[in-house]
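The structures come next, written out as structure tokens.
Presented sequentially are two complexes of chain A, the first with chain B as partner and the second with chain C.
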Partner chain A sequence: MGEPTTGKIIVFSVLTAMVIGGGLGVVFLRNVFHALVAMVVCFLGVAGVYFSLQADFLAVMQVLIYVGAVAVVIAFAVMLTRRGTMADSNRFVASGLQLAIGAAVAAGVGVALLRLICETAWQASGKFPATDVTRFLGEALLTRLPIPFEIAAVLLLVALVGAVMIALEEVHKS
Partner chain B sequence: MMDLSCYLGLSTILFVIGLFGALTKRNAIVVLMCIELMLNAVNINLVAFSRFLDPGQLLGYLFVIFTIAVAAAEVAVGIALVLVLNRYRETVNLDDFIWLKG
Partner chain C sequence: MGVGLLLPEIIACMGGLVILTERLFSKGEPERKDAAWFGASVLIIAGVAALRLLGVNETAFHGSYRVDDLAVYFKLVAVVAGAVTLLFAPDLLSQRRVKSGDFAALVLFAATGMMLLPSALDFITLFISLELISISFYVLIGIQRGEVRPAEAGLKYLLLSGLASAVLLYGMSLIYGLTGSTYLTAIRQAFSVGEWPLLAGIGSLMILVGLGLKIYLVPFHMWAPDVYEGAPAPTVAFLAAGSSAAALAAVLRLFGESLTGLSGVWLPVLLILAVVTIALGNIVALPQTNIKRLLAYSSIAHAGYILLAIVAQSSAGTAAVMYYCFLYAITTVAAFGVISAFAETSGGEIRSFAGLARRSPFLAFVMLISLASLAGIPPLAGFMAKFAVFAAAVQAGYVVAAGIALLLSVISIYYYFMVIRAMYVDEPVETAPIPCGWGTQAALLIGLGGIILLGLIPWPLLRLAQEAANFARF
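Right, the complex of A and B next:
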């Protein structure tokens, strides 16, 4: 594995700050557009985490799909929907009970997962992945796993056509 | 190299933030964003497991590709639904969508 050097610790700290800060921003910023920007920061942090795990292809996909496509689609949704004031568009639920239940469930799941992580003895293998991860992924998808690959393609096609059908419905009626 | 528990802890925290938001926000678009945060937390988990426990196979990386594809499809359909609901009710507040209530 190698010893964690100071540089690696600094990089990991910065990425952690981006991911967690962005996540908190999505939940706690009052303006929904600011929350969207926080989500983009979080996604970029996740892409950095992929880079630090030698998954460079996944990091590029993360930037292209999440930061490029998903964020833009959500930005369109924010701009096309009607709301009262933009500055107060990202509120919590009105009932305090629901808020308390949500916080309790989230905290419970978090504590349980962290305890599991700390108590499990992980059998870390000392090996490193092959240097050319992108080549490995391409060969695996097109030789060993062609059917899941094609199913994913069909799923995307069906989802996009379905999304267009759903969104167009009202235009025909009016 | 940082060790596996650091990455798992990071993804747990991100998952908890997303879960809390998905349960307590009232804007449908923000709930979708929180679901994306949870999916990203799961992806970090898969990549970290694959990198540290199974570097010969890297099946986790392949899983992440499919997760990203499904997440993109989910966002497209979810946003289309939100837009249609917004057209009917002129709101994205989840508390107003109670048509299925008996």
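Right, the complex of A and C next:
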């Protein structure tokens, strides 16, 4: 812990800019493919935040699964289902009043939460950060949390098979 | 006992895997119904395995999983809802060219989640069980390919449910940050003594919002009418009967046992929202012309009654919630069984029910009994359930709220009887009798028997609920 150094502040600022900028890009870009690229930037920023919090395993997983697998699958889905021109493919961009209301609510909740989070005395663990997080995670998953571990497998199977159930027939037809 | 505690879930999950594997080797013609029968029998076996766990009361896996009578009771609700749905589902699905194997496998996986959720004693197990239910339903709602309505309903549920999950996780992470634990028992201890920061209250409200979508809490109910109208009737039956009961079990664990220390924040909010939910459900149901939209608003109203019993914060209230969930599950499944057999082909408009009593006396009678039970007419099961809820609310001192709920439930009789009048009084537009497969007939007979028997002899189930509720405090 300790006082943040200039280096830490710079890293944190860059990562935050990536996360927030990427998120805004997903919402506002009119081309769905550009939005996807913005999402990858956002995911990479989140992975960087994990790294800076010493959650190495989570950061690696974030890059492998979200930047690697999820983004690529979405790219495939976009290319396979493309209709019309790509430049105007993300048509559900909020406008005018919706945007104003949404921004006001989000800003209000954000400011309120931020204030409360700054005021609150958080539980700080006295232990040193673990050096081999992966080992501890693996042990926890197989001793204390075997049920979520197994259910996650079933859940991924259902997601995969379910996506095929919904999409496959149409591929056959076309 | 270890793994033995998980036997019902393992059986249901294995059943789903067997069906999926069988689908690899068969073409899965939509006319075939055996996968659904197989799924129903697997669920019944899982139910027997769950019954054997009654009275076990054990905590396993370092306190993250608990099998007590409350959990077993909700496992049985999931089993009954799933098995009866699988009995009547294939008759409609084969008409819609949906493979019953796909449907049955997803129902079994969702039922696995519904059986795990009431036992979950830590945030991680709880969240992932809830997600297993949600993901199965995203597919079950949109399973009818090539049509706009189901796809729209599926997408709507996906987006709103995803948003609710995000809020739920935010709330959980706040609570975790403040207590340093994901275990419900540790969280209960952390908030039971001394001062807690305001952020903990906000966290509990976020958890309430996240689960609120699943239990039809107004104002997070928006998805219900569209999903009910767009999704095939068997999906809606299982969604209304099983998913909300499982989520209510999680609400009981979280708000009845774990977050009681924070009740100063969430209890007033829940009380107001419960009354608003009852009012909105009953009043907006009045002008509906589509039977599925009508039942969606009726679901919302019933969710409000159940929440009133949760607000009571007593073991009588918990018992009332449990009894209500079982009764509501069996009644809804019966009503949607009739809709599945008849109204899905005629667009679901209430006026198409005209003269149903002459075209199919059996379907009309089942619908009559289920609607009368939903309206709370004695001696049907719905009356006992409402009585238990109102009694619990009055005992806890919420006389005004109980009075408002009672008044609004009288209004509800009007819209239920609109449908009954159409069936029994109005002249039929068509006169052709309605074919009804034996699976549907069996499902409807089970529903009918359940509603009448539970109304005439409520004590065994009510006593089971009361004992479970007394024991549930950990």
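Everything that follows uses one rule, which is that the second predicted complex is superposed on the first by the 148 of 174 C-alpha atoms of A that agree within 3 Å, B and C clash if a C-alpha of one lies under 4 Å from a C-alpha of the other, contacts with A are read in each partner's own complex, and residues count from 1 in each chain.
Keep this in mind: a residue touches a chain if its C-beta (ideal position, glycine included) is under 8 Å from a C-beta of that chain, and two chains touch if they have at least 3 such contacts.
Computed from a predicted structure; not experimentally measured.
**Student:** With the two structures laid over each other on chain A, which partner does A:G7 touch: chain B (first), chain C (second), both, or neither?
**Tutor:** neither
**Student:** Have a look at where A:L80 lands relative to chain B and chain C in the superposition and call it first, second, both or neither.
**Tutor:** Touch status of A:L80: first partner only.
**Student:** Looking at A:A103, would you say it contacts chain B, chain C, both, or neither? Reply first, second, both or neither.
**Tutor:** Only chain B is touched by A:A103; chain C is not.
**Student:** Of chain B and chain C, which one contacts the greater number of residues in chain A?
**Tutor:** B
**Student:** Quick one: classify A:V154 as touching chain B (first), chain C (second), both or neither.
**Tutor:** The answer is second: A:V154 touches chain C but not chain B.
**Student:** Mind working out whether A:L58 is in touch with chain B, chain C, both or neither, as first, second, both or neither?
**Tutor:** The first partner, chain B, only.
**Student:** With the two complexes superposed on chain A, say which partner A:P146 touches: chain B (first), chain C (second), both, or neither.
**Tutor:** In the superposition, A:P146 contacts chain C only.
**Student:** First (chain B), second (chain C), both or neither: which does A:G162 touch?
**Tutor:** A:G162: touches chain B and chain C.
**Student:** Tell me which partner A:I117 touches in the superposition: chain B (first), chain C (second), both or neither.
**Tutor:** Both chain B and chain C are touched by A:I117.
**Student:** Enumerate the residues of chain A that count as touching chain B in its complex and touching chain C in the other.
**Tutor:** After superposing on chain A, chain A residues 113, 117, 122-123, 125, 145, 148, 152, 155, 158-159, 162-163, 166, 169-170 contact both chain B and chain C.
**Student:** Of all residues in chain A, which touch chain B in the complex?
**Tutor:** Against chain B, the touching part of chain A is residues 1-2, 4, 8-9, 12, 16, 19-20, 23-24, 26-27, 32, 35-36, 39, 42-43, 46, 49-50, 52-55, 57-58, 61-62, 65-66, 69-70, 73-74, 76-78, 80-83, 89-94, 98-99, 101-103, 105-107, 109-110, 113-114, 117-118, 122-125, 127-130, 133, 136-137, 140-141, 145, 148, 152, 155-156, 158-160, 162-164, 166-167, 169-170.
**Student:** Would you mind writing out the residues of chain A in touch with chain C in their complex?
**Tutor:** Touching chain C: residues 113, 116-117, 119-123, 125, 143-148, 151-152, 154-155, 157-159, 161-163, 165-166, 169-170 of chain A.
**Student:** In their complex, what parts of chain C are in touch with chain A?
**Tutor:** 6, 13, 20, 61-62, 64-65, 102, 105-106, 109, 112-113, 116, 122, 124-125, 128-129, 131-132, 135-136, 138-139, 142-143, 145-146, 154, 177-180, 197-199, 202
**Student:** Note which residues of chain B are touching chain A in the complex, please.
**Tutor:** Counting only chain B, the residues touching chain A are 1-10, 12-21, 23-27, 29-30, 32-34, 36-37, 40, 43-44, 47-48, 51-56, 58, 61-62, 64-66, 68-77, 79-84, 86-88, 90-92, 95.
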